[in-house]
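Pasting a structure here, questions to come.
The letters A, B, C and D name the chains in turn, as written, and every chain counts its residues from 1.
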């Protein structure tokens, strides 16, 4: 991503799932189909190695393969963001350098975790990453996963020191998101599947919806309507997508945890639509069963989503 | 560790800090001194790559160097446990295999994190690791870092399936610890610095105290007294160590977070005692400043701990 | 409130602070001035005995006095909601019956707390209150205070059984709020000071902003613009109010906790504006000091808010 | 309680359940039987209106009746502690004054809740209560219910200012409990059912076990053994009681929450043993069903607990 585009990251940037084959390796053909499907829908970027991409579960070979395939398949058409998400600064720098060397247009970095950092340490983390990595950095706020938030004060400091070029906010906290918009001119993208229309209307530069894997066309329509000030159209699209989002609650919670239920549902839906060959997820997250997949197929039907035909 | 010793892991097993030199690399000489200091004190094992060892902050080269140095310096005298701590199953297996190839007697594994697993997925995680790794596995319960606990039901299942050979419990929850002791015959080691005497008296096989880096002699005395039923002697030792543990609260919390305050204090104290050449910690955790180090030196004095002379 | 209006509770409904005199008793004259100030601004209802009204801190006499004064001062001009907020069902029923006897148009009820109820027990709580009390019930979701949320499933059940006539949502979770709007036709009011414009645009029936004590005119303008589809006007008003909301962060947190900082700021601002004679809060919450009050006065100035002249 | 005994509160002090009759009123005869049962077992005090006594669910008449019956039935034989547990200072003072007027030997007070106090406000709360109430105050740390803890610093301040005469610690945190013992000479009682033996061995003045309702003889034996330094005898008793404590996990969690499951189990067990006429709990907590009660009866059998014969 050229400096200019990096600074103005925008639009619909789905956090791609990482398709696996029957051996547990990255399914390159399925991942290429997923990229094509997204580009055909008109997305403005893609994010590989995010939470929806099972970044926390990928081994070294899987991580590398996923980035290579996506960078190759995108071919420069849109920016490719790559997650450099790990517990500590030096580990993040290792991932970020590899991502940059593989062609990432920007790397996406959370607060350190496991080590319970305070705000001073979080800012310092970004200072070290910024200094060590030759790629723009996007700050990623996802307290549900890392158990520490990026406060508005921290984000304002990251912006003031120009340590990051954008924010991905998956906090679910619209009030905090708007505070960032008021206090900085950082492009801010929401990770919310459920108030994406609102976020754009109040100033979000873009959206990074996990559900965008399944219905990129819907989120592109939503984004365009919201940008154009067509609030009712955007809200109608949002309502349809919110109903579709019920796929993440289909899995039996005694068998499959919350994260697996969401990731598994995205993959199951993409398999139903014919984009992925297999719905497999990495251990210890199990795939949905046949009955759950059937329910997901019904919810896809209800949302008007059928098989994907070649682009 | 031979199968028998693996199954009966016991005694004082300090989770070693990872000394760094002025370039941020592992300081091999300091780490060798630390191992000698521990062995001289009579510890029954060592744990490299744990939370106190900054496992979440070490890069690939640091992690490998730390394990190599410790395995070499221990020379088979006591079991060497190595942390294989990461967010997902496949990543843990990568670390665990490397640890085994470098000579680990056992690997230490937490629940997956970042991905918010449920109990079924946690057990499955250990099933996969057990099947893939040629080394005994120790389950590590540390909810403050991974934000999910190992319930007594999960631990009972791990024991029943013989997926792990021991438990390290850093939950701080003595009631839950005793439930494990009642329900399984798994050797259970407490990570508590502050009720280690009690834990041994109620049946803990051993203790894994971060503060043991600084005062291994104290914890060895405590362990021996508690095992011998000399409760008052053990309690007196525990009280002295609890007062010493105030070193973890010395750092200014606006500058240095909780984890850094504890790790930094262990390293600062070991530097004061002459075991480590430098008190440096990995970014983004900063070292304690001169005044804080002075306070720590005073607390060492109060606890009767002076410079360490060659063993 | 007649059944019809109860069912269509709407508009700006500020949760009134409870002014105290120098003896700690309810300052009736100040409370009457506050009601006049609110009615003059065009609010559509008032809520006495809410979180902003220090309901958790009022003794029996204070609670009764506050309701009597407000019911009298409002004189039927708008609906008066009264908090019946307590830990258990029978205690809530006691409060609710008293409120109804004093003229409340509706009572506002949270989930039980202290007792860690599950969803089944929460719904049952509302069933008992509904059956025992001769006044419409408004469900109040405020997990920051009661430490249990009203899930969308619980709210849907409350709506389906017609146990409540409206929802006040202070969860801060816009996605959950919109799910309620999709699944029920319950009038839903947001407690958010910071995305009130958005909430109305997506379907909120009204807003219950603590900051509305200080600037009811602003929230009335915001509400009217949002209802009229004038999004930019509403957003500009929202931005001004969000900047004014910084008054809740003025107090020194080592001296005054979060809740006290907010309540104290509302009262200090109303004293500066001449509506309240004293900014006193109930113990153990202390009032802001002179310097903090000075800062608040500056923020009022910046927001264009001067002394209130008689209505 | 005379000043001296107040300052040295000790021994087994069960937090009594509040028996209800078929109309939901306090069942005076059952409560008198419960007091006799406890006194016959040799308890050293009783606590009425605690968490196990459903204090959060009792209405005004129930609360008063429970205290009157217990004070009357105890007849000065042992100290009677009465809970003055509520969200705010003035409410607590109201309860505490009533308790004192009804004959309470001491009142038991938590941190304020709902209002998210900081440490300064918590200490100030106890200052106000101490100044306003003519009865000794016992500090009650129960973060699971009030969602704020009494830190060791707060407790040390309460002790230094002589605002309280004892601590009841239901935090479950043995390390923190021992810190209080090291830093103050306040009599500290543990609320733990599961490490009561250990708590006494490390210096607890007494124990306040909810399960003591069901098996006071067991806790008296445990206490006496622990005080006498007979650790194995105490541990054996503790193990038996820990197995009995499984009664709190019998209830179906989809129907009955955690608190109701525990309270309901205590009442069901006391009904099985013939001490209570009815196992009823206050709404919204439902009673256990027949099958659950049957399981509890089996656990009582296993623990060697049969019907209680008149004292």
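One rule holds for everything that comes next: contacts are C-beta pairs under 8 Å (C-beta built on N, C-alpha and C of every residue); 3 or more make two chains touch, one makes a residue touch a chain.
According to UniProt, the chain labels map to these proteins: A, B, C, D = Dihydrodipicolinate synthase/N-acetylneuraminate lyase.
Not measured: the values here are computed from a predicted model.
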item: Most widely separated chain from chain B, with each centre as the mean of CA atoms; value: C
item: Cα superposition angle of chain A on its copy chain D, in degrees to the nearest 5; value: 180
item: Centre-to-centre distance between chain C and chain B (centres being mean Cα positions), rounded to whole Å; value: 50
item: Intercentroid distance (Cα basis), chain C paired with chain A, Å; value: 37
item: Shared interface positions of chain C, touching two or more other chains; value: none
item: Interchain contacts (touch definition) - all pairs; value: A-B, A-C, B-D, C-D
item: Partner chain C, residues of chain D touching it in the complex; value: 24, 51, 54, 56-60, 62, 85, 87-91, 93-94, 112-118, 120-122, 124-125, 128, 144-147, 253-260, 282-286
item: In the complex with chain C, residue positions of chain A that touch it; value: 172-175, 178-179, 182, 192, 194-195, 198, 201-202, 229, 231, 235, 239, 242-243
